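Chains: A, B, C and D, in written order; residue numbering restarts at 1 for each.
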Amino acid sequence: MVPGVRFEARFPAIPVAVAEVRGKASALARRCGVSEQGAHDVALAVSEAATNVVIHSGSSEIVLIVEAHDGDLHVIVADKGPGLVPRRDSPGLGLGLPIIATVSSSFESRRRDGRNEVAMVFPCPTGGIS
Amino acid sequence: MSDTPTAHHDPEFELLIQSEPGGNRVIVRGEIDMSTADTFRTQLLQALGDGEVVLDMSELHFMDSSGVAAIDEVLRDPSAEHLTVDPHILEPVRRILEMTDMIDALSFAESDRR
Amino acid sequence: MVPGVRFEARFPAIPVAVAEVRGKASALARRCGVSEQGAHDVALAVSEAATNVVIHSGSSEIVLIVEAHDGDLHVIVADKGPGLVPRRDSPGLGLGLPIIATVSSSFESRRRDGRNEVAMVFPCPTGGIS
Amino acid sequence: MSDTPTAHHDPEFELLIQSEPGGNRVIVRGEIDMSTADTFRTQLLQALGDGEVVLDMSELHFMDSSGVAAIDEVLRDPSAEHLTVDPHILEPVRRILEMTDMIDALSFAESDRR
């Protein structure tokens, strides 16, 4: 995989899939030359985003998109749900998005191609996924 | 369903209870996330019901906010006064415990390894 | 104010300033030709972001930046704090970011120029702030 | 500090308690956000301590999540059984009450206006 090439995979939106989604994302991050901590940061952020898809989105699938360009690794976790919806009764502690913000360079919440996306940016030291 | 050993020797999560003088050691291995946090929380609370517990996360490689929420809930239970944590914690787990200030909410046990 | 021109103002990070910040932002949105509901959406999102600065950032000021380009209104609420920090003990219900996501086209959380920014995008029907 | 009328005739928030047959009407005007939500919550709870309350938001122009959190807290109080809400609600306030599903948690009073 070289700069500009796009990895995309779909996973069922079920609890046991979350480990697979983060494993895939951190493996690709390693191929971008990141440190162990860098790969773990990707795993953690993706785990939070994928968990949110399973808990909150009502979507039947988790979409993972990974792409390297301009020296950055772009990791997108998408679902077919309505987007971030305010829930007064959320079962979580509300740590997911702040954790994503803490371990990523930046993240964006947006609708694109009819999907709800959380798009996270991480460093990609080698400039591309080798 | 089968006795044959499979290629999958690496379950995502394993919890082991070892009885020790003075209480139990609860050893967690693998990864704690939304699919394993409930087992972790339930088993830990059950062990706390039996007395002193040292939580050993030295073989835990990953924890996300589901694990932090599980510990948070355990700490709200009165039985949490019987809980201490083994200070051997791998870097990724330490990182999320620090990020969420959970590290300061835990009582650490004297290390019993050398 | 025309497309590309940038409005920037600083407010003290105190509760009573929040009304002023959202009032300024929604007034600029009106000059972008948005409907009453559009202006209210801007006010609501900015109110949530500014409230977070006061409650969570530890910053002494709220920075508001408004800019129109490419048919969009870009509204940034910035602070001098560390960025979105996970708080197990947050006094809020965790509704702020989901509300921002619901009323905006998209939002981004990032560090820029040594500041923590929540950058929100809204429609700007006239293409610029008249 | 001064009796002279100033240009600022529009305080951000005003709460008025009107006694009516059968209880009190609590009228809120202006905007509810983090700087006014505490007053709103406290006064509303206090009024509920005195019996039936109709909450009138027909002159409320803005509410953000601080207001939703205040109502959420009021609804957790046992005295909230005495609370009904006047159905005249302006669009911006209706929007956030709907967005957060708060609209479904409220009991609406028969409208007394025509």
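Just so we're on the same page, a contact is a pair of C-beta atoms (placed from the backbone, for glycine too) under 8 Å apart; a residue touches a chain by one contact, two chains touch by 3 or more.
None of these values were measured; they are calculated from a predicted model.
Engineer: Mind listing the chains that sit against chain B and also against chain D?
Structural biologist: Of all the chains present, those in contact with both chain B and chain D are A, C.
Engineer: If you tally contacting C-beta pairs, which pair wins, A-B or B-C?
Structural biologist: Most contacts of the two pairs: A-B.
Engineer: As a quick test, compute the distance in whole Å between the mean CA positions of chain C and chain D.
Structural biologist: For chain C versus chain D, the centre distance works out to 26 Å.
Engineer: Calculate how many whole Å lie between the centre of chain B and the centre of chain C, each centre taken as the average of the chain's C-alpha atoms.
Structural biologist: Chain B and chain C have C-alpha centres separated by 41 Å.
Engineer: Among the residues of chain B, which ones contact at least 2 other chains?
Structural biologist: 65, 68, 72, 99-100
Engineer: So which bits of chain C are touching at least two other chains?
Structural biologist: Chain C, residues with two or more chain partners: 86-88, 92-93, 95, 99, 102.
Engineer: For the protein chains shown, what form does their contact graph take: line, ring, star, complete or other?
Structural biologist: Other.
Engineer: Give the pairs of chains that touch; include all such pairs.
Structural biologist: The complete list of chain pairs in contact reads A-B, A-C, A-D, B-C, C-D.
Engineer: Once bound in the complex, which stretches of chain A touch chain C?
Structural biologist: For this pair, the touching residues of chain A are 83-88, 90, 92-95, 97-99, 101-102, 105-111.
Engineer: Residue numbers of chain A touching chain D in their complex, please.
Structural biologist: These residues of chain A touch chain D: 86-88.
Engineer: Which part of chain D faces chain C closely enough to touch in the complex?
Structural biologist: 12, 31, 33-35, 62, 64-66, 68-69, 72, 91-92, 95-96, 99-100
Engineer: Touching chain A in the complex: which residues of chain D?
Structural biologist: 65, 68, 72, 99-102
Engineer: Which residues of chain C touch chain D once you look at their complex with the stated criterion?
Structural biologist: Within the complex, chain C touches chain D at residues 15-16, 18-19, 22, 36-37, 40, 43-44, 47-48, 51, 54-55, 92-93, 95-96, 99, 102-103.
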